[in-house]
Structure formats: structure tokens, C-alpha cells
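You will see subunit A twice below: alongside subunit B first, and alongside subunit C after that.
What follows is the complex of A and B.
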């Protein structure tokens, strides 16, 4: 029991250390070379000094850093400099987070659900040709970069419809040429793109397939089947931890991929916001989003580790 | 030792080697006959049909699409190699020493890699680009940096496993230096294929990042210089007017190149694990 508590405490401490390191890296980076960003939004040296005093840039790095953490606990990330000048960052990112969640959660479900379906198909005896064709095309599709896959999907819908519209066969559909409104088709295509592109699907598929193969070959699984015991009762808990590990390792990919997918599909989520903010050198907004996203990834890593501790008695004692 | 001919007999590997070779030849060709995107503008031949003179046609200001595709390799070729060098050196040295010696160095290195992996790759690149002006080499260096933990992890696991094998114990007892045991007997003889796989994937990833950033505009390659990404972004405007080749050409170039690198990486890994 003491060993267990010690293991958990060590993992939580590592998580906190990562959180501190990540935030310090972000703040130090943004303060080390403030010239570029501040020069772009100020004209005279007086304006510059005024802005620096207002933003606390004239104080020491450590003091700025502690001040920043104090604000984080009050969920205060300062004000946007350029993108939506003067608005609170915390207010700006709320709705954007919701739009991105609507994109990421179905995409994760699609990637992992799809991967398990494909593995079930690969493990099914027979249909060697069909299995091979489906397997290779899944890997081939997955190699395509996100922006290209999104582009191809959009064109696959728009080009034929445009041809029909030109001939006067049909009217202009509401979703044509990706309007700013949230249409179902737009979200569906974005989810498919995010779930498959940039190597995501093939990577998850490869990892999970090797985990499933290893598990099914284990002696206790073989003997369970030989005794006529329930396959699923032993399969599901044992595949859970490796799945969580793959999920945690992939979470960062999804959060990064969102930038491209939201740009291509014109969705105003977190990804679009950090991209515009980075382009306009809106440093507080970029810092806030980067910190939140990095904290989320670090937290997922911690949960993955803790789940492993909870399920696997061998890890508890180490 | 490593018999390269048995590798080339695999179709995936042969395809990947052909792609790498083609990229290198294109770079040499482009260095000998440089391409000037401004001098190539010719308003008299906007969207010229495919011909021997312009095998892939021309773009919206009359520049030759094939020449732009060839010159587009400049954006990622040397930055990609630089990224591979960075990830290889950092990953092999960091992961190798962590696995071989453990202790404080391993703990510190694990902490640093945990910091890097906490950032989603694309977002870290955006963060740095929004603060520092740098261009393609900065982006490539960042890509190498975010890929470094993966190389290090692979090397670390391998070294940890081999460290306690009998032949390594024997080599140590023979009085070989730690460096020779680690870098020659463990890494060179036993870990090359997975490291090469990671580096080839990384090269593909640099292309992916470069074309993505150039497609989005802002931080990637800027007009008039060509990149496969910004060519595709321009083609977006003209595809509904029926200019399909203009879009298909860079898209195909991206796909074939990344596919070639990834399949060569896979082939090397399978070949090493046989």
C-alpha cells in the first residue's frame, strides 16, 4: 500500500514538474525576444515603454513568471493584443474550445473505433483479397497530409456538384464551397480528415494490432478459450491499458492537427484561433492556448500512467 | 554486415530508394540550372495546355508548373536533412547515454523529453514562429526537436535491453571502452534499422510540416518562391475553372514523396527485424 501511494505521488510530482517546466519555457520564450512582437504593434519608443510597463515586461523574468501563475489560478490569461484587441483571452477561448471539442471527440472515436473494426476484420479468417485491399488502402489514405486530404474531400464533393450546377440540373446546395455556418457535411468531412490524415489511422492501427496480437497469444488467453471461458471478459480489461497508452500518445497529434483541419474547413475553433494569433503575433493568446493544450497533454499522460498503476499490480510495486 | 542488396529486393524499399534518389537528382539539377520564379512570369501563356515545352502546363501567371514542382524541393530538402541530423544526434546520444548509464542524466533527459512531448508538435512550431523570425531552417530544427523524443525512446529501450546481454558483458570484460561498446556494438550493429526508420519518417514529416505551413500561408514558403504547399493553395482558386493538372501535380508530388519515405522506413525496419 505504501509502495502504491509512493508511486502515485511520484507520478503526480512529475506531472507538476512538467507543468512548471512547460509554462516556464513558454514564458521565457515569449519574453526573451519581445522585440519582434511589440515592435509590430507600437510606433514610438514612448508607446513601447508604456506598453511594456502595462504588460509587466520591465520586471524580471522570475517576477513575471510568478505573476503569470498567480493570474492562471484566477483563470486570467490577460488581454488579446491584436486579434480581438482588448478582449479577455479567457472569454475568447471558451466558445472556441467547445467547437474544437465537437471536432476532436468524434474524430478520436472514429480513429479508435475504425482501428478496432479493421483489426477484427484482419483477424477474421477468409477473404484474404478483400482484407489486403482494405488494409493497404487504409494505410495509403492515412499517409496523406491533413490539408491535402481535407482539400481532396472538399473537391470530391464540390467539383461534381459545380458541374451539375453549371448545367442547371440542381440549385446551389447550402453547404457548397464551405460557408462559415456549421453544416453537418462540413463537420463530418473535417472529422474524417482529422481521424485519418497525417498518418494517424495507420499509426494507431499498427500499434493496436500488435497489442491485440500479443494479448491473444498470451497463455492465459489461450487457456481461457480452451476452458470455454468468456473471451471478452479477459480481453477488454487487458486491452484497455495499451489502448490508453496509444490514445495518450496520439492526443497531441489530434490537438496539433486541429490547426490545419480547422483552417481547411473554416471552423472557428482553438486551432484557427492559435493560427490567426500566431500570424498576428498576438502573444498572450498564443501563450494561453499553448499552455492549456500542453497542460491537457501532460494531464493525459498522467492519467494514462495512473490507469496503468490501477490495473497492473506489477507497476504498483516498482 | 548490413547487406543492402537484400533490402533493395523488397519492392517497398526499391520504391523509397528511387524517390530519395530522384529528390537528390532534382536538387543537383536545380542547383546547376537555377530557377527564377520572377523571370518565369509570362502573361502571354497563362494556363497553357500540356505540351512538350510545358509538360504539366503553366499557372495563373504563366510560370511552368513542372519547373516549379522541381524547384519546390528546395524548400524541404536541406532543412529536412538538418532536422534528421538534429534528431539523430540528440536522440542517439541522449537515449543511448540514458539507457547505458541511467542515473541523474537519464532522469534529466526524461524530464526534458517529457517537456517536448507535452506540446502538440504543430502548436509548438506555431508558438516559436510567432515569436522568432526564422524561415525554413528554424521550422526544420523545431521539427527535428519535436521528433527527438521518439528517436531517443527507441534507442533507450534498445540499449536498456542490450546492456544486460551476454555479448555486451563479454565485450566489457574484454576491456572495450564504454563508447565503443555503446555506439559500435550496441547501436551500430543492433539498432540501425529502427533509427533509420524514424529518420525517414522524420524527413517525410518535415515535408508534411513545410507543405502544410506553406498551404496555410504565413509561416511557410512565400510567393513567388514555389512550394508544393503554396502551389496547391493557389490551385484551389482555379480548380472549379477546370484547371485540374495545376492541382493534381503538386498533390501527386507530395503523396509520392511522403509515401516513398514512409515505405522505405517500413521496409528497413522489417528487413532489420527479420
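What follows is the complex of A and C.
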């Protein structure tokens, strides 16, 4: 029991160390990159010194870092310097986080759900050519880069529907034209793009297929099936840990992919916001978003590790 | 399969009905990046200037002939060459919250701009005013620092409602006004969307009837997507279309293309601190190695310039001796030889080093990629190696404005009606990053600012034009014809070359 508590404490300590290290790295990096926010909000050289004092750019790196943590403990990420001048960062990122969550969560569900469905199909006896066609199509679709897949999907809807509208066959659908309106269809296509493109589906499918194949070949699984025991009772806990590992890795990857997907589908989520904020050197916004994303990824890794501790006795004992 | 999905989407998938139908009653236009702040005190980008034009109004503004006429002002007394001006405000103007416009608003606005605690990037707009005093409910007395010949031209800054600010005579960037801005202009801002859109409704208090009931500004970063959405009637107006989209939009019978010339021009700037480029012969040789017409062709049409003004400007020097740079390879060879260069196998060389220059270009500059590729090819043919580097706006400004770490820059300057080039070419100018220094130009620019005689100013600036053409701190390239693409639903359209929406009160939405 002491060993287990020690393992958990070690993992939590590592999580906290990641947060401290990442936040310092982001603040140091924001000072190291060329250009600053002041050039974006004035071209009057006489105002530079005053603006530096106002934005805290005249402080030392350590002072700025400690000041930032002091504010974070009060749940205050400061004000946007450029992108939405004077607006609280917490007010800005709330709706953006919600929009990105609406993309990432269904996309992860679609990728992993889709991968398991395909694996189930591949393991089903019969229909070899159908399996081959579906498998090849999934891999082929998946290799398309995110931006291209996004634009192709938008065109696939806009072009024929506009042609039908022009001929008077149909009226103007409420979602038309993509991606101008905030509609369910736009989000659905963005989710599909994120879940499938850039090799995501293909990658997850190959990983999980290999894990499943190895697992079902294990002696205890073979003997369980031979004894007529419950296959799922053993299969689910044993596939959970490798799935969680792939899931955590992919979640971080998805957070990178949303920058492209949100740009193509014109969704003002975290991806678009950090892209604009970084270009404009809006440091408080960049730091807050990067910190929250890093915290989320570190938390997912921590959850994965703790899950492993919970279900795998070998890890507990080690 | 795809057909089935599309059919399903057409008939089953629910959408935002308000977004699709409500918007039909409004004029919908796109910006690459939404305004960062809606407050004229802190405006720096063109999207903010356009938004301000819809919400706010100024004491004087330009009419269709681009002459300054009273807007919020009823009467005024000013003697040419004088240092004072007395204004009487119109009695029929009210703020969008119903409060009347008073002299206090004008005085507050001037103080807010000039107060150092405001840190307004536009403080220079009112720096010619020494004092502003409310002498009555609607009367303002202005005293200028120096005699003026045409102060109406400078009184075009937008007026703010004093009663909406609680911080005395200065304004903070985070003042709540930015979320609930009110003006006296033709439209009222009613909503900031979390998709960065901004919704405006017609100002019912506006003294003139307005046809357009509302406006929706949408943020769409991709310009090609803007053009597509215009084609699909999801937008009514694209402020500036890419040259590659012009032909397709021209053919569309539901879209009208409006050419308009902005007060902006492209240039190649030389870093005069660079020992090689300090030599005027080298700069001239580079100019003689470039075919500007060929550079312009792939990106659109426009006027090739010989100096720092657009051709329609009164300050442009039309003297036939003041010519734009043009291709003349024998002259380039002669100049480089005189400067001590010899022609190597591939490039011109001096002291064993090839003539090699770094060109710094802001990444977000539309169409710059085509220009740079052509320029690189042209200069390579002439024996000059060009190494382009692309920087995002923040690092470009740092590199050019502060570090001066460049050989050449390709960029664009945009000016308002005043066309003041002091900052670019005076040796102490804030934007003189090429480090140009000519005492005669300094004197003329100073004189141009001080003179009250328009004819004399014209002569002064034409002289500046001639000297800059001769000194060649920049290779002046062109002013590009810009095209706005607007749905035929919108009629009676006139576009202001700088503020864009200045004449929107006369636009009609079918």
C-alpha cells in the first residue's frame, strides 16, 4: 500500500513539475522571440517606455514569472494586449475552449470508436473483398492532410448544393454556405476532418489492431475462450491500458491539429486564438492557452499512468 | 454515398435559421481579422478604421469630391492663417443612447487623445491643437499651436461621448466603453458574437435616413474563402479581393467589382547604413536592373510611381524629368563598374565577394510572393543575388524598425488624406528605418508642415518628390488598383479610398 501511495505521489509530483517547467519555458520563450506587442499597438516611439511599464515588459524574467503565478493563484490570467485589447483573458478563452472541446471530444470518440469498429469488422469471418475495400478506403482517406480534407469536404457540400439551388431544385438550406454559418453540419465536418485526416485514423487503427491481435493470442485469453469463460471480462481491462496510451498521445496531437481545422472551418476556438495571439505577440493570451493545453495534456498522461497503476498489478508492485 | 450525405444535409441537418435568414436583412461583409478594439483612441488597423466609420462621426468629413465639409459642426469661424477657430455644433445630433452632443464631448475627446496617460497611438492627430475650451453648450473655442491655412482637414478625428467615461480626461484601453461603444455615426453596435462577428443596426437618431437596416461583420481569415462565400451569397461585400479572384468574380452577374485607389504605394527600401547600399550608384544600378511593369503584371494593375505620392495626389511631381525607375541593363553595368564591381561568372563581385542582398518581406503582405520571385529572377539575370526572408508582422517590425537588420525591404505604406511623409523621410522621422538623411529634405518637410499656403506646400512636396527620386532611398514601385467585390443587392455604392464606409448612408440594400 505504501508503495502504491509512493507511486501515485511520484506521478503527481511529476505532473506539478511539468506545469512549473512548462509555464517558465513559455514565459521565457515569449521574451526570446523577436518582436513584441508594443509594435502592434503603437508606432509612436515616445510611448514605448510607458507601455513597457504598463504591460510589465520592463520586469525581469523571474519577476514576471512570479507575478504571473501570483495572478494564476487568484485565477487571473491578465488582460489581452493586442488581439482583444483590454479584455480579460479568462473571458476570452472560455467560449474558445468550449468550441474546441466540441471538436476534440467527438473527434477522439470518432477516431477510437471508428478504429474499434473497423477492427471488429476485420476480425469478422467472411466478406473478404468488402473488408479490403473498407480498410483501404479508411487508410487512403486518412493520409489526406487536414487542410486539404477540410477544403474538399466544404467543396463537396457547397458546390452541388449551390448548383441545385441555382436550378431552382431546392431552396437555400440553413447551413449554406459552409463555413459561414455556425451550424451542426459545419462542426460535424470539422470533427470528421480532425478525426480522420493527417493519418490519424490510420495510425490509431494500426496501433490498436496490433494490440488487439497480441492480446487475443495471449495464453490466458486462449484458455479463457477454450474454457468458455467471459471473453469481454478479460479483454476490456487488458486493452484499456494500451488504448489509454494511444489516446493520450493522440489527444496532444489533436490539440495541434485544431489550429488547421479551425482555420479551414472558420471556428474561433483555442487553435485560431493561439495562432492569432502568437502572431500578434499577445503574450498573456499565448501563455494562458499554452499553459492550459500543457496542463490538460499532462493531466491526461497522469490519468493514463494512474489508470495503469489501478489495473496492472505489475506496475503496482514495481 | 457522398450524394446521400449531401442530400441528408440539405433536408435533415438543422442550421442556424437566424444566421441564414436574419442576415439577409443586413449587409454582411468580411474582414481578415476582426477589430481588436472599437475605440478611435486606440485604432491602428484598417478593419478598426472601417468599423469606426460606421459608428462614430467627426467634426468635419470628406464629401464625394473629397473636400472637407462640416459634419457635426453647424457653423464655424476661422480666418485663414489664424491660430483660433470657433465652432458651433449641430443641435440635431444625439448620441446613440439619446444624450445630446455637446461641446464637452469635443473638449473631452481632444483631451483624451493628448493626455499622456491615455497612450493613444493617434495622439498626433490632435497635436496641432494647443487648447480646446467649451464656451457654451454647443460652442467650442480652439487655439492652435501654429497658424493654420486649412484646419478643417485635420479636424477629422472621431468624437467620443464624454458622459460614457468616468476616468477624467484620459481613457484606459480596458475601459468598458470598448464593449459598449456608442457614437453619433449611422450605425449602432448591438452585439459582439463569440465567433468574432460584430452586429450593427441602423441608428434611428441619425439626422439622415439610412437605407441599410443593419450590418454584420464576419471574421474570415482566408481571402479566397471570402470570395467563395460572396459567390454563394453568404456575404454581400468583400473589402479587397485577391487579384487571382478578380476574373472569376467579374464574370458573376450577381457581383459588381468596384475598383478604387487607396492612398498606398509599394516600395523597395534600401538600408543606407549598409556600406554597399550607401553608394547611390549601387542603388541606382539595382533600380536599372528591375522591370517594374513585369513585376506588377502578375499581381494586378496600377500606376507605376516616380516618388512618394499616388498620381492623383496634388503633391505628385509630373515633371517629365522625374521618371519612375526603369529597366536599363547597360546603365546598371556602367554604374556597378564605376562603383568598383567586376562581373564574375554568375554575380557582380567586389573584393572577392558577390553582390548579395537580403530582402526582408512581411509574410502577411498580399501578393508579395509573386513579386519577390520575379524580382529575384530579374536581379539574378542582372548579376545581383537576392535572398528573400519572410517574417511575420511582429518579427518584421523588430528586425526592420528596431534592429535595422536588413539590406532591402519590400513593403507598402498607406496614408490618410493628409499624405504626410515626414515620418518616413525626415532624418528624425519615427518610420525612417532606411536611415535616409538629406538636410534639404529635412528643411523642406519641416517647411511643408508649417506653411499655410496650399500652393506653396504643393511646390515644397513636389521638390521633395524630385529629390527622393534622385537620391533613391527607395525604389518607388506602384499604387495597386484595389477591387471591392459587392453583391448587386447593394446599390448606389461609393467607396472612400481610406475609410471605406464614409458614404454608406447613401448605399441602398435591395
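To be clear about the criterion, the second predicted complex is superposed on the first by the 305 of 318 C-alpha atoms of A that agree within 3 Å, B and C clash if a C-alpha of one lies under 4 Å from a C-alpha of the other, contacts with A are read in each partner's own complex, and residues count from 1 in each chain.
Simple rule for what comes next: a contact is a pair of C-beta atoms (placed from the backbone, for glycine too) under 8 Å apart; a residue touches a chain by one contact, two chains touch by 3 or more.
Given the structure is predicted, the values throughout are model-derived calculations rather than measurements.
Looking at the shared chain after the overlay, A:301 reaches subunit B, while subunit C stays out of its contact range. Once chain A of one complex is fitted onto chain A of the other, the partner contacts of A:279 extend to both subunit B and subunit C. Once the two complexes are overlaid on the shared chain, A:184 sits against subunit C while remaining clear of subunit B.
Legend: residue contacts after superposition of the two complexes on their common chain; A:172 is shown touching subunit C, with no touch to subunit B.
Contact with subunit B, but none with subunit C, is seen for A:146 once the two complexes are overlaid on the shared chain.
Of the two partner chains placed around the shared chain by superposition, neither subunit B nor subunit C is touched by A:70.
Contact with neither subunit B nor subunit C is seen for A:229 once the two complexes are overlaid on the shared chain. When the two complexes are overlaid on their common chain A, residue A:158 makes contact with subunit B and with subunit C alike. Within the superposed three-chain model, A:45 lies in touch with subunit C and out of touch with subunit B [touch as defined at top]. 33, 36-37, 158, 162, 263, 279, 281 are the residues of subunit A that lie in the contact sets of both subunit B and subunit C, per the superposition on chain A. Residue ranges of subunit A in contact with subunit B, taken from their complex: 14, 17-18, 21-22, 25-26, 29-30, 33, 36-37, 140, 143-148, 151-152, 155, 158-159, 162, 198-199, 252-257, 259-260, 263, 274-275, 277-279, 281-283, 286-287, 289-290, 293-295, 297-298, 301. Across the complex, subunit A meets subunit C through its residues 33-37, 39-45, 47, 50-51, 54, 79, 82-87, 95-96, 99, 156-158, 160-162, 164, 170, 172-177, 179-185, 188, 263-264, 266-268, 272, 276, 279-281. Subunit B contributes residues 111, 114-115, 117-124, 126-133, 208, 211-212, 215-216, 218-219, 229, 232, 236, 239-240, 247, 251, 254-255, 258-259, 262 to its touches with subunit A in the complex.
Subunit C meets subunit A in the complex at residues 2-3, 6, 9-11, 13-17, 19-21, 33, 36-37, 42, 44, 116, 119, 121, 123-124, 172-175, 178-179, 194-196, 218-222, 225, 228-229, 232-235, 391-399, 401, 430-431.
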